[in-house]
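Everything below concerns the one structure shown next.
Letters A, B, C and D name the chains as they come in the text, with residue numbers starting at 1 for each one.
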Amino acid sequence: MTMTDQVGLVIIATGVLFDLLGCIGMVRLPDVYNRLQAGTKCVTLGVCLILTGTAVMADATPIRLKAVLCALFVLITSPTAAHALARAARVSGIRLWEKSVADQFARSK
Amino acid sequence: MNVPRPSEGMSLIVRTVCGWVKGFILLYGIYIILYGHLTPGGGFSGGVIAAAAFVLILLAEGARSAEATFSRQAAASGDCLGVLAFLALALLGLLLAGTFFANFWTTDPAARFTLLSSGMIPFCNMGIGLKVCCSLYLVAVVLSGIRQLRFPQDTKGEPR
Amino acid sequence: MNRLILFVLLFLFWVVLTWTAVPPGPAYLQDVGAGLAAALLVTWAVGEKSGTRLAPWLQPQRYAWAIVYFFVLAVYVIKANLDVAYRVLHPAMPIRPGIVRVKTRLRQPAARAALGNSITLCPGTLAVDIHEDGTMMVHWIYVRSLDEAEAGRMIISRFEWFLEKILE
Amino acid sequence: MPQTAFALFTAVLLLCCVLCLYRIARGPTAPDRTVGIDILGTVVVGFCALLSLVTGKDYLMNVALVWALVSFIGTLALARRLEWQHDND
């Protein structure tokens, strides 16, 4: 087991750990917006770390390049999907958690 | 309340990100179609991905922008053209090599694992890909409930 | 101009996709030719005629700032994850959520989209909506200020400064 | 040693999938379920990457890319449907 393999394993382990944290947050937190926060942040970073670890550990160049491309794609699209979902939820009238302190939402146009 | 129409898009962030990624998705679909004989994939899956690019435009930028990018007329023509190209290749096989779907353009066996190493298969894949892309886009258009948006030749007033 | 930029980027993407494990031989010319044709087709199909100017793409300092921004963002993302981990694993769940309103001074759609995605990834905030005049609705997991200017200072100022240099 | 580590990673990712499925099955409102679907799609991308690393096949990275893409478009479609459903009622 070489040095790069060890580094890659550590990166992948961190990513998997963050994935798990995000999923726990998605189950524990009280309303859609909080769940979206925990889920999106942790799972995006987790998957990007898994893909980076794959790029570090893989022995074939195509796998590395595609892993980097995939990480970039997830990094761009995952927050966008979260934003679209949050907006759709708020527009369709899902209330915030009852202990929320503010709701200054106003619809555009 | 201001009712959004299907012809409008989603919020600014989604529209901008869609503008960034749509070309790459379409190119990725074409890559899957062209390399169908070397890697898993091929006409159908590549066509689905290419259609996904147009469906993304339909969702994020709205029906009007989708119509300007890829009109339903063009999609219908492409649909037919894909099938006809596929059939024409099959009939050419019948004419030139004696069997329906015969691979009449044989290439050098030494040049394996390159783009032009399998005769007519990539061209068949292109036909299937065009067909699948256009059909799935039309399916998405019909399902998205923008039937109110009329074809140019039968519209009387401003399209909804 | 817009189409030229798109074409170059698409062709680079194609080269990355068709990268082979072995050094490319003469058959690689087929791949390059197919890539040129496909990139042309895609540029024709989805490229927009107007919009982007070429000049900003040729200023190297923007790329330098983009790289710096990437690392700054990485630090914030890791902080955000530790923050979420703390809030999720704490038995009492110290959250105080709410949707607050902030105002950005960025004008370009690309800069606004990048700002929205950045604040979705940074600690405790999630972009919910953005209006024409630059008003953003942000869901904040632990609201510390309801004032528009102060919340703006806490949430978006740190990114605005970079994005103005990169994308405006 | 790497084999054990990969088995462990797979187990943890499966646990993540189960948590997402719990949210999809339980979630009181439609957006809750959609959040579950979105996160599940992103987790599966990581799964594909691990699989590609273990087997050394580069086409599994294609699967990961396509999965990320389709999950994104699916989430957008669901979000858009939620918006319309409210407005057309």
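Just so it is clear, a contact is a pair of C-beta atoms (placed from the backbone, for glycine too) under 8 Å apart; a residue touches a chain by one contact, two chains touch by 3 or more.
Please read these numbers as outputs of a predicted model, since none were measured by experiment.
A.B. asks: Using the touch rule from the top, work out which pair, B-D or A-C, shares more C-beta pairs.
C.D. replies: A-C
A.B. asks: Where the centres are mean C-alpha positions, what is the separation of subunit B from subunit D, in Å?
C.D. replies: So the centroids are 26 Å from each other.
A.B. asks: Could you grab the centroid distance between subunit A and subunit C? Build each centroid from C-alpha atoms only and quote it in angstrom.
C.D. replies: Averaging C-alpha atoms per chain gives centres 15 Å apart.
A.B. asks: With centres defined as the mean C-alpha position, give me the subunit A-subunit B separation in Å.
C.D. replies: 30
A.B. asks: Determine the centre-to-centre distance between subunit C and subunit D, using the mean Cα coordinates as centres, and give it in whole Å.
C.D. replies: 22
A.B. asks: If you look at subunit D, which of its residues touch at least two other chains?
C.D. replies: Counting only residues that touch two or more other chains, subunit D contributes 62, 65, 69, 76, 79-80, 83, 87.
A.B. asks: Find every residue in subunit A that makes contact with two or more other chains and list them.
C.D. replies: 22, 24, 36, 40, 44, 60, 62, 66, 69, 73, 76-77, 80, 82-84, 87, 107-109
A.B. asks: Where does subunit C touch two or more other chains at once, residue-wise?
C.D. replies: Each of 13, 17, 113, 116-117, 127, 129-130 in subunit C touches at least two other chains.
A.B. asks: When you check every pair of chains, which ones turn out to touch?
C.D. replies: All chain pairs meeting the touch criterion are A-B, A-C, A-D, B-C, B-D.
A.B. asks: Report the residues of subunit A in contact with subunit C in the complex, numbered from low to high.
C.D. replies: Subunit A residues touching subunit C: 18, 21-22, 24-25, 28-31, 33-34, 36-38, 40-42, 44-45, 60-62, 65-66, 69, 76, 79-80, 82-83, 86-87, 90, 96-97, 99-109.
A.B. asks: Which residues, counting only subunit C, touch subunit B once they are in their complex?
C.D. replies: Residues of subunit C touching subunit B: 6, 9-10, 13-14, 17-18, 27, 30-31, 34, 38-39, 41-43, 45-48, 109-110, 112-113, 116-117, 127, 129-130.
A.B. asks: So in the complex, which bits of subunit D are touching subunit A?
C.D. replies: 1-2, 5, 9, 12-13, 15-16, 19-20, 22-23, 29-32, 34-36, 38-39, 42-43, 45-46, 49-50, 52-53, 56, 58, 61-62, 64-65, 68-69, 71-72, 75-76, 78-80, 82-83, 85-87
A.B. asks: For a test of understanding, state which residues of subunit A touch subunit B in their complex under the given definition.
C.D. replies: Residue list for subunit A touching subunit B: 73, 76-77, 80, 83-84, 87, 107-109.
A.B. asks: Hey, which residues of subunit B end up touching subunit A in the complex?
C.D. replies: Counting only subunit B, the residues touching subunit A are 2, 10-11, 13-14, 17, 20-21.
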